[in-house]
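Heads up: the structure comes next, in structure tokens.
Naming follows writing order (A, B, C and D), and every chain is counted from residue 1.
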């Protein structure tokens, strides 16, 4: 077997095994949370490409996710081919289409990023996200504020899990290998110093647009998965707060750390759910109060995020070396 | 120190999953206790708590106490979906009550259906909700009816020929109601001269109102929530618009007048019940609610109170407590004497009930008429 | 024609509200180069302070100048203290951290205030007390000019002039400019950076407090999330005008208010927010630092 | 075609009302090591920025191998064979020494995203090649043992050297060095100058060197252009410049 597919396949097999355990071991609620963790991981990893590796400041990730979600949901509900025989091909095609349309939008948003930096870019991407949301809100074809309901779900949990993991692995290995290639080093150079990168022959314009396009593709894929897991989407699912949540995951995990993004996705998805039990004790819902407080504390105590720009293996190695 | 905190933060999420066994009848509620729509979720919650407290105080159902498990969905659809999944699979509830907003009910209904757990919505008026499956019920009227009531009242009672609509595009409830109103109003021979929109949460509506003013409508139909309608009335009067405003049950709150002050006086809306009613059920409900919460119940509270009672009655009729049996008994609900009228569940699992038109007169709501389906 | 004038009046009155809040954003940004996301929530706290003070003192139903002053002062004090606390506890430890961290902390503070507000004040809306009686200042042919419209615009303009004066002409203003252009050099030259930043937060939070009361008078509905949308719009306005520039914030806010009004009045009421952002994007693409923003050549 | 590798004609840069560089003309023949000197604030770095496309000159022409490069993007100019270092060191600080050099070789690779993701033969071969080349360049400045350290962790002098290595990795024909010896002691400077002379020879490079300190430049440059206040005041061999009245005045005028 070619080594390029060997590691991903081993990882996939391991995850499938885990999925099999989950399939029988836990209830549907935990299963749903697991799926949200995977989807959020894809979201965080893809945003890391723009915010972490390329050093651009995007606050509009929810918009791309929305495009992916709407495209695939629309295809699944409108074209009988997909809904009747919601076979693997159909699912695959709708997911890819969602991703592609999202990346087309990413291209459009990437363009102004050529001229804007920092806070200005952040605000423009935020604006694009809002424009996408308001446009969806006003499109009768996709249900306006009612959104799209009755999106066919995946056949069963095991399928949802495997399929989401499949995309999460693609996203992970794609970015992982990209960053360790010359193309990826181009991304990093833009983050480190744009002027020096240009002087060293890097077409920074192209690089930035590329980052936006690739990142939006995976955001779109995450959206497609989200739509089919929740079976319902509406414009209010993709607000500014969702973009903020994505940025939080990236920074919390560590800018430029994929394993950090995944860890942060776990943390951010599980924490509010875990804190639900607290409500039974206190009587009032303090979840979001604690959540926001933790966010501030983490930023102050560990500004570089959980993993910094290191990956899990680096940290493992360091730890082992220290204790040996 | 730093490390301890970080370790603590890391293990926090793991403390989550733990299920308890209990001898109570577990009923789940999901609602917007925080977020932009919090006011409706909070009212709903009060109505439910009051109903179940009453039932438990009277000895429960067949000796068993009811335990209400409430989950906040923050007014987000995806949270509603996970909340319902949690209620069903983690907390093992036998029935679910919620939500006010049709959008979130639509998001949650397929999950309840999939797990074969009855779900009763007390205030989602969008027809789609109960079409999600035979475990989904509703105890309020639906938008087509309310839109019809609004149009009929405008044409027949207010003698309006030209109407302007101001809809909240963010709310599926508002959009649905506006659409029905427009169709019915035209069918009855009226003309829609302006159909403008705003977004829930907006503060300023003068741009829309200025445009409406130039078209001279006889009536303005605003299928929004009281949070915006109060401000809208104020601004409309400031702009010199004097025609009556007409709306739906989203207006129903004591705050409507507190925000809109005299500007909202004289406007009409369709509602589920009237506080002026002399029906002892209603009088008793209002009295007890005021004692408990020190405020006049709005229609969300009344509806959720009724829903809780209907559900409890259905549970009481079951021989064996299973979700399937509760569903079957719910479907048999006939002429239940609720605060919001006599409620019968029809074959589509919708409630057949009448609507009332009330007029805002300061803090009071003057009963104008009842429209039956 | 009458409609057009009405739209202009509406737009300016809406814009001047954005301006009051935008000034707070731009102040903090100008000095610290950070987006103080929590500003809009300090504004919310201001409104609730006024609400509770009026309730406890029983002034809810006795409108008048003294009521207004009492509420203004109490809201300004509470907001300043809150602003100082936020700066001291959340932002100061991060002063040397990357921008994104500071931004996330600011979002964290904002969420914290919003959700604590929902727990403490309750999530349902409250009715803001009547502070001043409204009267009609001028009436020309069906067009009424309300006192509240003029007050808000007047206060924003006065605030703008005073701020400009403080920054350009006073000692603390000079220190502020020094910190703004280079904080570390300023502190080497003996400027007490901490004090300057604290002062900035006091001024910014007081502006938020004033804004909250003026807006409360005009739109008497307050809730813990009231800052979210208006804050976002005001912030966009500040960016539009060139964030960091005081006249820019006011100009940006007025443009924002007017364009929103015109969009709804003449184009489409449904795309109001989208078009507001559209205008922002177009302006930034042609003028990347906003209307009044200083364009700095990056030193190579 | 002109025999000169670089030909600058009437290049002017105006910032608002200030003329930072005024109608500057000079040329560099193939293979020459030239110097550009002038007192502080004379506009030397602005000249570099215009040559490399960071600023667009308000007026004038810049011909590289006979081709006008005014208006081109910095990376395009770099692809044509002009590379530079920066006066206030602009390394990719958080990346390793090796990565810094590898980035500069990016323009020479031909593998695409597909090759990257599937780790194709092409990808592997080219990566191996790039690494080997980067290491061999690092060797010239004795940096090969630090290849995996963070660029920002290098001492100052080595950071300057790394900048030169990075510029060389783009395979330039003309390399612009902006005060390469700044902050180095006498011995280090001496060694650096020797290395510069050597790489010019080994890699067949033309070099343009900015130096604030006149004495340094005199040792290795073959031709020197002197500017002050954006205007060329003299040009010629080190011997000629050393005795030039105008040059001495310019330096004394500023430094006295």
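What we mean here is this: a residue touches a chain if its C-beta (ideal position, glycine included) is under 8 Å from a C-beta of that chain, and two chains touch if they have at least 3 such contacts.
This structure is a prediction, so every number in the text was calculated from the model and none was measured.
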Chain hops separating chain D from chain B, counting only touching neighbours: 2
Per-chain CA centroid nearest to the all-protein CA mean: A
Distance-maximising chain from chain B - centres being C-alpha averages: D
Separation of chain A from chain C, taking each centre as the mean of its C-alpha atoms, in whole Å: 33
Interchain centroid distance [CA atoms averaged], chain A/chain D, Å: 41
Rounded Å distance, chain C centre to chain D centre (Cα mean): 48
Whole-Å gap between the CA centroids of chain B and chain C: 35
Of all residues in chain A, the ones touching two or more other chains: 137-138, 195, 285, 288
Junction residues of chain D, two or more chains touched: 54, 86, 90
Residues of chain C whose C-beta touches two or more other chains: 115, 270, 273, 300
Interfacial residue positions of chain B with respect to chain C in the complex: 33-36, 38-39, 41-43, 169, 196-199, 201-204, 206-208, 210-211, 213-214, 227, 230-231, 234, 238-240, 255, 258-259
Chain C residues within the chain A interface of the complex: 29, 35, 90, 93-94, 97-101, 103-105, 107-112, 115-116, 119, 232, 235-236, 239, 243, 270-271, 273-274, 277-278, 280-281, 284-285, 288-290, 298, 300
Chain B to chain A touching residues, read off their complex: 2, 5-6, 9-10, 12-18, 33-34, 71-72, 74-78, 81-82, 85-86, 88-90, 102-103, 106-107, 110-111, 115, 126, 128, 132, 169-172, 174-176
Residues of chain D defined as touching chain A within the complex: 52-54, 73-75, 78-79, 83-84, 86, 90-95, 99, 102-107, 109, 111, 113, 116-120, 123, 126-127, 130, 166-167, 169-170
Residue ranges of chain A in contact with chain B within the complex: 27-30, 32-33, 36, 137-138, 144-147, 149-150, 153, 226, 230-237, 266-267, 270-271, 273-277, 279, 285, 287-288, 294, 297-298, 301-302
